[in-house]
Structures are given as structure tokens and as C-alpha cells.
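So, here come the structures, one by one.
One chain, chain A, links the two complexes that follow: it is found with chain B in the first and with chain C in the second.
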Partner chain A sequence: MTPGEWIFIGVITATMAGTLAAVLSGSLIYAMFGLVTAMFGMAGIYIYLNAPFLAMMQILIYVGAISILIAFAIMLAGPMYRRPKEWTTLAKFAAALAVALVSLLLLLKVVIGATHNASEAKPLVVTTQELGRIFLDRLTLPFELVSLLIVVSIIGAIMLALFSKGEK
Partner chain B sequence: MVNELLNMASSDAGKMVLGLIGVLVFVVVNALLLTWAERKVAGHMQRRIGPKEVGPFGLIQPIADAIKLLGKEILTPAKVDKPLYYLAPVLIFVPVLVSFIVIPFDASLQVTDINVGILVILAFSSISVLSILMAGWGSENKYSLIGAVRSVAQNIAYEIPLLLALLPVIMLANSLSLKEIVEKQEGLWFVVIQPLAFIIYFIASVAETNRTPFDLPEAESELVAGYHTEYSGMRFALFFLAEYTNIFIVSAIAATFFLGGYQGPLLPGIVWFLLKSYFLVFVIMWLRWTYPRVRFDQLLNFAWKGLIPLAFVNLIITGGLLKI
Partner chain C sequence: MTGNLLYNNLQLYLFIALFLLGCGLLGVIYRRTLIGMLISMELIMNGAGLNLVALNSFSAQGNAYGIAFTLFIMGIAAAEAAIALGIIIAVFRRFGHIEGGEIKEMKG
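Take a look at the complex of A and B:
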């Protein structure tokens, strides 16, 4: 195997280990760091797909913003030993298991059904220009819909902050 | 792309090793010099002389300090969360080293010119917050934890104006590569066109590096030493090195984005680049010994209600003017 392939295996292993830590860890903070590792692994996969811009954005947004926000949420949450009992009932566990199994089956169907053809197209040298063009040309509608979604969530957050329970 | 990178690394292996050694030497020398400069600047601002006994002008003082730190026993408190506690000082060095890959010291003195260069620095700079969080959490100490929480809140608030202040320059230069941004400033520095962006970037970067007046994560009068309270010896020194290198890096980015980087008459490019960067480093020190620490609500209000709206207005005006 070439060194590139060895590094790829390393990246994949790190990603898987990170996701496993995120799911299985009992400590929230370890789960968060597992998620961060997984996000870095994803960025590594983007590098292998010749998309350095996407890779950097992955780190900037998911590690730099989302994970930090998760950390912030953990800081604001109550301590673990005060966890209320009603969080883990049998019904909730069963529902979660059902959802997980259904999504696993759907994913398996997609993965087994796919043919994994390598693209014939040459990788772009300057990806940012092409990305910008596609967003404001062919994909204008989804792009605008996403920004609408973000506006809605920002307004929602402001409303929650302004009219939280008990205060008017 | 990875194969290209690996090819580059193997074909220029000698250059790569030299570059890495150069970066490490620079990081250490820079930190030694800055600790000395900080004490000298502080001294003169308070009508003292500062260190003067060890060597000429006290120049060897930082080396004596470094040897003292190296000789100290590395203590590990009994109750720390071991993996996080050990990993934090190592991890805080990743963004520092990665940033040096793309900073253009001179037209030809740059490890590699990546076409998304600035994104590399900005993306990896978030790791330093994560390692501060690791240190704070792993230390099992209330002062460390409070320092880490403050650092996270501060970082969320100031990352946004920092990015928004750099965007107009990227729009003007039409590139994310640091070298191209410098090349576009031949004749006219971007600070002339974007004075507001420069000021916003500079304030936000002082906050990002946890320097006074925004040094709440390590406020020594309230939190002992903040997130690195429980660290000693060389582990503490790593935090210290990273902090001083970060000061240089934010100043170097400011010089590259707004002050024309390595461009200047007569003197060679690297001299100009270092002059501009270290001038900004001096300004950051000057701020530290001039202003008192802000309160936490002032800190957050200033970012969310002051800097972010201003940065947005600046960005929209720049975008509008560019399209007319």
C-alpha cells in the first residue's frame, strides 16, 4: 500500500473511533471530544476528495462553531449526577432503538446497492469560484431556503431569550 | 491531492525538515523575546526600567527563566482527568504550528501557498479553545473550569467579528491565499480602504488571544491563573509558548491582510514583515499596560452589540461598492 492509503486508513479509523466515543462515552465532555475527532476525520476525507475548501469549512464550522456551542451548552447544563430519572424510561429506549434500527437498515440498503464508480471529471484547482457560481446560479433556491431556515432559527432563539418562562 | 502533498513532502524532504526546525526555533525565540519585551514595555510604561541585571539590557533574563522552568518538577495533581489533562498542552500547539505553514514571511519565504490559506489558520485556531476547555475541565479545579467557560464564551463572541472583518479584504483581493492578498496590496495597503475592518479585526484578535483588557479566562486577580492553574514546569511553559506565538500570529495576519505584508521599499521583504508584525505586537502590549480588565458583561455586550453589527455594516457597504 502507498503512504497515502495508510494515512487514509488512519483517517477512517480516527473518524470511527471518534463517532464511537461520541455515542458510547458516559461523560458528555468526552462525547464532545469524540465528535470533534470525527469531524476532523470528515475533513480528512474531503481532502482525499480534492476539496480543500470544504475540508477547511468542515473544521471551521463543525469544530470551531458547532462543537464550541455544544461545549457551551454542556457548561450551562446541570451536573450529571442530578440527571432526572424520567430521561431514561423503557419506552424512550425502545423508541430510540427502533429509530436506530430503521435508519441502519435504510443506510445498509443504500450502501449495498451503490456501485461506487469513480468520477471521470478532473478535480478543480480553485474550488471556491466554482462553488460560489453554483450556489448563486443552479442552486439558488435551496441556497435561499437554507438562509431562510437560519433566519427562522435566529428569530426563534431571540424569542426564546426574550420571552423565557415566567418573564414577559 | 493527498498524493500530491506526500510527493511534495518526499521530494522536498530536506526543505521540509529545515522549515520545521526553522518554525520551532522561531516559536521559541519569539516567545523568549516577547517575554523580555513585555517586561521591558511594562517597566517603561510604569516608569521603571524592567529586567537589566542578566546580560545587556536584561536580554538573557528570559533564557534564565526558561532554564528554571525546564528544571522544575512536572507535578500531576492526583485527581485530574488524566487523558484530557495530558492532551491539552500538546494540542494547544497544533494550531500554532499549522499557522506557520501558510504565513508568507517574504515573497519566497513561505512553507507552502495553499489557495485557501487564511481558512487553514482560522479553522485550526478553534483547536486552541478546545484545548483550553480540555485543560480547564481536566484539571478538576474550579478556577480552571471557570477560566475555560469564560474562554469558550469569549471565543464564540469574538470569532464572528474576526471573520467578518477579514471578509471585506478577501472580497477586495478576490482570493483566500495569503500571498495573493499581499500581492494585491502593492502601492495601496488595505488598511487605507478598510480602516474599520482593521480596527475590528485588531480588537477581536486581542480578545481571541486572551490578552488584557480581555484576559478574563486567566484573570490572575480572580482566578489564580485560570485554565492553567494546575499546570507546572514544562507543561505550563507549553501554554505560555503557545500564547506568545498566538500574539505573533494574529499580528502577522493583521500585517498580511491590512498592512501590505512583506511589501515595502528599500529593505528586504522579511524585514518589513517582521517590523510590521512586531509593531502590532507592541501595540497589543501597550494596550495591556494601559487599560484595566473589562467586566464580563461589558466584554460580551461589546462584541454582540458593537463589533458584530459594525462588521456587518462594513461588509455590506464593501460588497455594495465593489459591485457598483
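Take a look at the complex of A and C:
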């Protein structure tokens, strides 16, 4: 085992532990910290996949923006004691577990059958220059559409938060 | 890049993405508050992005479309989180709580 492999195992463990904490923890703020841990782990995985720019954007967007948004949502959604407990009934949890496991088993065969021929090909390191060329050369329309989507969603969020009616 | 290193294995990445998808599905179904569901949705989107990047760097070497589409997914996830924050604030103002199963006004 090389040191790189040990670090990779650590990164995977952080991702999985963060995911489990984000899903199973009873407190929303712990779930948010679990999401942050999982996102850091995902950034490490992206580095192992030769995409360092993507790892940086993962930390910037998910850890820096979306987690802060979720923290704001948690703070704005009333005091802790008025919030319902996260754990539902055991029957609902069993049903959710069954749905998740069935969908996992359906996809497991596809994953096991996946092969690749990467042994002789050279590793792909995508530079930022190459990525920018793709965005502004081939994928210009989706790029602009995503920026339009973000503008519309921000304006929509402001409209929803400002002009929603109060208590009925 | 020799072929037998641990991190040089496509199926491992696909298993991690599958794990993220499963955990996200579990959370979306059994969480009670809207914020918990939002967190689980982010996990599902991350699984999709990891799939795209892994398949790009193992099976479609020579281009970077998977990475570009993962960046699109990140932008869409940011927009989704902003809209979800607005909806959560509106729901909290109207109903006084954010419990997903208890919002029954438009239930027909």
C-alpha cells in the first residue's frame, strides 16, 4: 500500500461517514456538518480523479455557499424546541430503507458490470484552460442558460421570501 | 498510473456514487423537515456528479465534458438551494413549522 492509497481510504471514509451523519443524525445542524464533511471528502475524490479545478469549485460552492444557505435556513426556521423531531416512526424508516435498498440492488448489477480500459491510456489531467475553452466554445448555450437559471432563481427566492403571506 | 492501485479502479468510484444515491433516497423519504430533505437532495446531486467525473476520467479520456457537466450540476444545485431557502421561509411564515408531512393545504 502506497501512502496515496492510505490517503484515498481516509478520503472515502470521510465521505461515507459524513454522508451517514447527514442522513441519520437527529439534529439538523449536525446533519449540515455531516454534509460539509462529505463535501470535503468528495473534493478529495475529485483530486484523485485528476480534476483539481473541480475539487476547488466543490469546496467553494458546496462548502462555501450551499452549506451557508442551509445554515441560514436552519436559523430562520424557528427555535429548536418548536421543531419536530427528525426521527419518524419505525415503519416509515423501514419503508425508506426498503426503497433505498431495492434501488441500490437494481443499480448494483450495472456497477459490477462496468469495465474500463484505462491501463494503457495516459491519465487525463484537465487544465482550467481546456475547461474554459469547452465552456465558451462548445457548450456556450448551456453555460448561458445556467447563468440565466441562477439569476432567475435568486430573483425568485427574493420574491418568495419578501412577498409571502404571513400566518393564516 | 499502473493498473492495480486502489484509486485506479472505476467500480470503487461508482460504488461511492451509488452509496450517496442510496443515502440520499433514504433521507428524502424518511426525513420530516424540509431542510433535511434538501440536504439529502444535495447528496443525490453529488452522487450524479461523481458518476460523471469518474466515467469521464476512466472511459472517455481525451475530452472533459463530464467535468463540464458536473460544473453545470453544481450551478443547478446552487440555484435549487436558493429556491429551497425561499420556499422554506415562505412555508414557515404561513404554517409556523417546516414539517413536510403536515403541509396539507394544497393536498386536494
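Here, the second predicted complex is superposed on the first by the 123 of 168 C-alpha atoms of A that agree within 3 Å, B and C clash if a C-alpha of one lies under 4 Å from a C-alpha of the other, contacts with A are read in each partner's own complex, and residues count from 1 in each chain.
By our rule, a residue touches a chain if its C-beta (ideal position, glycine included) is under 8 Å from a C-beta of that chain, and two chains touch if they have at least 3 such contacts.
In this text, all values refer to a predicted model and were calculated from it rather than measured experimentally.
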item	value
Touching partner for A:Leu69 - first (chain B), second (chain C), both, neither	both
Touched partner set for A:Ala91, first chain B, second chain C, both or neither	neither
Contacts of A:Leu141 with chain B and chain C, given as first, second, both or neither	neither
Chain B versus chain C as contact partner of A:Phe8, first or second or both or neither	both
Winner by number of chain A residues touched, once chain B and chain C are compared	C
First (chain B), second (chain C), both or neither touched by A:Asn50	both
Residues on chain A lying within both footprints (that of chain B and that of chain C)	2, 4, 8, 48, 50, 53, 57, 65, 69, 72, 123, 126
Contacting residues of chain C [partner chain A, same complex]	1-3, 5-8, 10-16, 18-27, 29-33, 35-36, 38-40, 42-43, 46, 49-50, 53-54, 56-59, 61-65, 67-68, 70-72, 74-90, 92-99
Residue ranges of chain B touching chain A (in the complex, touch as defined)	1-3, 6, 84, 114-116, 119-120, 122-127, 129-130, 133-134, 137, 149, 152-153, 155-156, 159, 176
Of all residues in chain A, those that touch chain B in their complex	2-4, 7-8, 29, 33, 36, 47-48, 50, 52-53, 56-57, 59-60, 63-65, 67-69, 71-72, 75, 123, 125-126, 128
Footprint of chain C on chain A - complex, ascending	1-2, 4-5, 8-9, 12, 15-16, 19-20, 22-23, 28, 31-32, 35, 38-39, 42, 45-46, 48-51, 53-54, 57-58, 61-62, 65-66, 69-70, 72-74, 76-78, 82-86, 88, 92-93, 95-97, 99-101, 103-104, 107-108, 111-112, 114-119, 121-124, 126, 130-131, 134-135, 139, 142, 146-147, 149-150, 152-154, 156-161, 164-168
